[in-house]
Amino acid sequence: MKARRAQDTFAQTSKIVLPNDTNVLTNLMGGQLLSWMDITAGISAQRHCQRVVVTASVNNVSFNQPIKLGDVVTIEAKVSRAFTSSMEVFLDVYVDKVGGGRKKCNEAIYTFVAVDQNGSPIEVPELIPETEEEKDRYAAALRRKQLSLILAKKMDPSEATELKALFNQIPS
Amino acid sequence: MKARRAQDTFAQTSKIVLPNDTNVLTNLMGGQLLSWMDITAGISAQRHCQRVVVTASVNNVSFNQPIKLGDVVTIEAKVSRAFTSSMEVFLDVYVDKVGGGRKKCNEAIYTFVAVDQNGSPIEVPELIPETEEEKDRYAAALRRKQLSLILAKKMDPSEATELKALFNQIPS
Amino acid sequence: MKARRAQDTFAQTSKIVLPNDTNVLTNLMGGQLLSWMDITAGISAQRHCQRVVVTASVNNVSFNQPIKLGDVVTIEAKVSRAFTSSMEVFLDVYVDKVGGGRKKCNEAIYTFVAVDQNGSPIEVPELIPETEEEKDRYAAALRRKQLSLILAKKMDPSEATELKALFNQIPS
Amino acid sequence: MKARRAQDTFAQTSKIVLPNDTNVLTNLMGGQLLSWMDITAGISAQRHCQRVVVTASVNNVSFNQPIKLGDVVTIEAKVSRAFTSSMEVFLDVYVDKVGGGRKKCNEAIYTFVAVDQNGSPIEVPELIPETEEEKDRYAAALRRKQLSLILAKKMDPSEATELKALFNQIPS
Amino acid sequence: MKARRAQDTFAQTSKIVLPNDTNVLTNLMGGQLLSWMDITAGISAQRHCQRVVVTASVNNVSFNQPIKLGDVVTIEAKVSRAFTSSMEVFLDVYVDKVGGGRKKCNEAIYTFVAVDQNGSPIEVPELIPETEEEKDRYAAALRRKQLSLILAKKMDPSEATELKALFNQIPS
Amino acid sequence: MKARRAQDTFAQTSKIVLPNDTNVLTNLMGGQLLSWMDITAGISAQRHCQRVVVTASVNNVSFNQPIKLGDVVTIEAKVSRAFTSSMEVFLDVYVDKVGGGRKKCNEAIYTFVAVDQNGSPIEVPELIPETEEEKDRYAAALRRKQLSLILAKKMDPSEATELKALFNQIPS
């Protein structure tokens, strides 16, 4: 199974925020954005493994800035790291600025699993990060996976060597 | 501002999984469920604070079991803890079983913020947990908030007294 | 075939009225509510008979009070009586009140038929009403069925003993 | 206010049944058809009174024949009678037959009320029935209104002279 | 294969413009109208050939007048000419006028191809135009087909005898 | 008003074809693709002129290859030429290939007009084509505009100097 470069997993979608996507403040509803990100992230994961993928988990999505009715939203997704049968996908969300250009307004991380026709997990290729950002996110993806295993009580904290730098200053 | 009991924030919605909600395996797509949970959780948060609420973040959503086309899905939401202007909402997702009854297939945690008509955060009432489950989730909500503040580098790990029990066994 | 209690057929769904659900007065359109009630009533009927159900008829739906954009609507459905292969489902519609609580704004009655995989009607279990309201609606369901059979000319008025109390004051 | 001929209130809509309109038997769901009929009937009522109209009630909708995925459904609506501020709309539903032509598969009756910009009822013009079918439905509309007033306990049965022919054979 | 009269291919659909169909000026979006016209035109083509049809091309759609939120839009379609396996469908779009009647606001031309269950083109019956308008559109359909073949470089301009009247005044 | 480079008007959107987007052959319906292309093209035109844009016309859309349920469709749009207040947008449509990469399956051309808050046309900046493809499409856009003006009888064929090369071989 041939490793694939991060940039080959890039997926992008641009949308206009329509009335039904908004709440009573006429801001884009969080749930609508979650659903859009899921589709774009799924396309990215599918481009990595060339198999059917299913959403496994969603972590750390923050909605920092309201997005308004009529705004042009662009969602960009790239696989940040591949594990045995799962892939972490990192998403950046932008809104077009008046006058040109765009500003970033959100980040999110989704995890997908590649499955066969019965829905059973199957192996995926490795990911090759190339740019600085791709390498940073590749490294952070391992820490996030360890933290999630610890919180799910599937890993002993002492094994999470990658997390030590973060937590070893907690006085016991 | 009068505190409100957890059970008064209960919101429930039942849905049938339709073709457009499913992927090529005819399973409910993760993004669709994320959007449904956002609406139900938002209703719960609104019942707590009686104000307009906006989704602030989504954490720790795992999709453990596939939900099929035609399944009856029930989403239940209750506020688990209120902070200054934010509310953590805990969601349980069930599917009707053939022959009667239902089985649990998912949990999720969303955070909402109460806002005024300009979208600025405003204070919310305290939450009163009463049942054992409500009290457990109330306590865990604080640990989750501290962890999220630490990960966002807005809190020093040494202040997160609630997290110590979990992390002080990490050897430095 | 084991009889089932009315409360075991309870189904509930809460929704927020979105822009596309509304007419030019920004009130919830009747047709949208009819469609939502059909789904919730169908879940209730399915919980009673544990089979695929199809809508057979809709009667006596009145839209008494406008429901506004942004309102939280809660639809509650319970089977009111089971006949050979059909089930009458009684629906109550509520809107959340500002400040807490809810007010009732609508009632409706749908009839469903249980079908096999070819769409042919099959027998359903009996319904056991327990509360006062369940018993009242159970009795009224028979009168409604008789009236509908008479109007469809499938029953002779003289056989509709349940309807006599209502109509025998009509001078001939 | 000038009376309007029934044929000037005619509204028609043709649709193809798409996957999301169907249940697990791939038949058109009743609730979807109810919503489509509401729109077409509303256009008919609006053509009669040239005002904003809102759905007031739905009566006597029977779903006699399943409509399949991919079928072409045609809904035809015409105002059958106008009262002070309400209009009864009669709907016929057809499906295209293989080889040409169409077969009728459903009838329904909706009632609409004309409202001003505050949602208060306002007067509507009279309806002039011209064809035999229009005249039959015009006469039946009055009997239906009387029956509905009696059932709602807003009319004394003895005043419903139009209903006598139907009910005076009920032995007391 | 029996020829079919143009009037037997007539299809009509009326819709109310809802919030999600509109742009930030609350006018009907062009893409939404394109999609509605595709469905109505497809029903017309299907009525002509009594087979599954697929959209082959869209030409010469102009959006001359804005259509507003809440407007009643009526789309009328009729096959204007049949070729070997393709059918040109001519569409007229109207909006209800305040006070009664309607005004035309758009025309469009779509081409459909009849296909078998594998998606391969199959022959369609001839079309018989009867009214003056049907005959004019029948004649113009041939010129449009020739122009489109020339632009696609599938026909030599000198063979397009029907187009000569239009283009022979171009000085070389 | 500062001219803008073609590449700054690029807009892209990727979508998965869902059940409701497909016809009875489970191929993407033409009308659905027309609507998706309209949104993406509108974003491109808006990026060029930084104003509200409305669809003015659609020309020459051919659907050459069926797109299947579950396919990943990518729509790319770029302004090909700007006129006084209108912009021609050129669209390329791709489908992901099994095993990686993508194949082109469609082209389309939409025209948008920039409008002020009353919907009146306003001037747009010039477009600067840079690549060979951008220059080719820029030149062809003028020929298309002339042809469309001639067909609409708003231009005398003898003035369409750009079209001569194409049509002067038509023998008169």
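Each chain gets a letter, A, B, C, D, E and F, in the order it is written, and its residues are counted from 1.
As a convention for this text, contacts are C-beta pairs under 8 Å (C-beta built on N, C-alpha and C of every residue); 3 or more make two chains touch, one makes a residue touch a chain.
Since this is a predicted model, take the numbers as computed values, not measurements.
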Chains in contact with subunit C and with subunit E: which ones?
-> A, D
Over half shared or under half: which fits the residue numbers at the contact of copies subunit E and subunit F, same or different?
-> same
Quick one: point me to the chain whose Cα centre is farthest from that of subunit A.
-> D
When the C-alpha atoms of subunit B and subunit C are each averaged to a single point, how far apart are the two points in Å?
-> 32
Inter-centroid spacing, subunit F versus subunit C (mean Cα positions, whole Å) | 50
From the C-alpha centre of subunit B to that of subunit F, how far is it in Å?
-> 44
Touching two or more other chains in subunit F are residues 16, 19-20, 23-24, 39, 42
Okay, what are all the chain pairs that touch?
-> A-B, A-C, A-E, A-F, B-C, B-D, B-F, C-D, C-E, D-E, D-F, E-F
Listed in rising order, the residues of subunit D that touch subunit F in the complex are 16, 18-20, 69-70
Listed in rising order, the residues of subunit B that touch subunit F in the complex are 19-20, 22-24
Which bits of subunit F are touching subunit A when the two form their complex?
-> 8, 11-16, 39-40, 42-43, 46-47, 50, 72, 96, 98-100
Can you check the complex and tell me which residues of subunit F touch subunit E?
-> 23-25, 27, 29-32, 34-39, 42, 52, 54-63, 66, 110, 115, 117, 119, 151, 157-158, 160, 163-164, 167-172
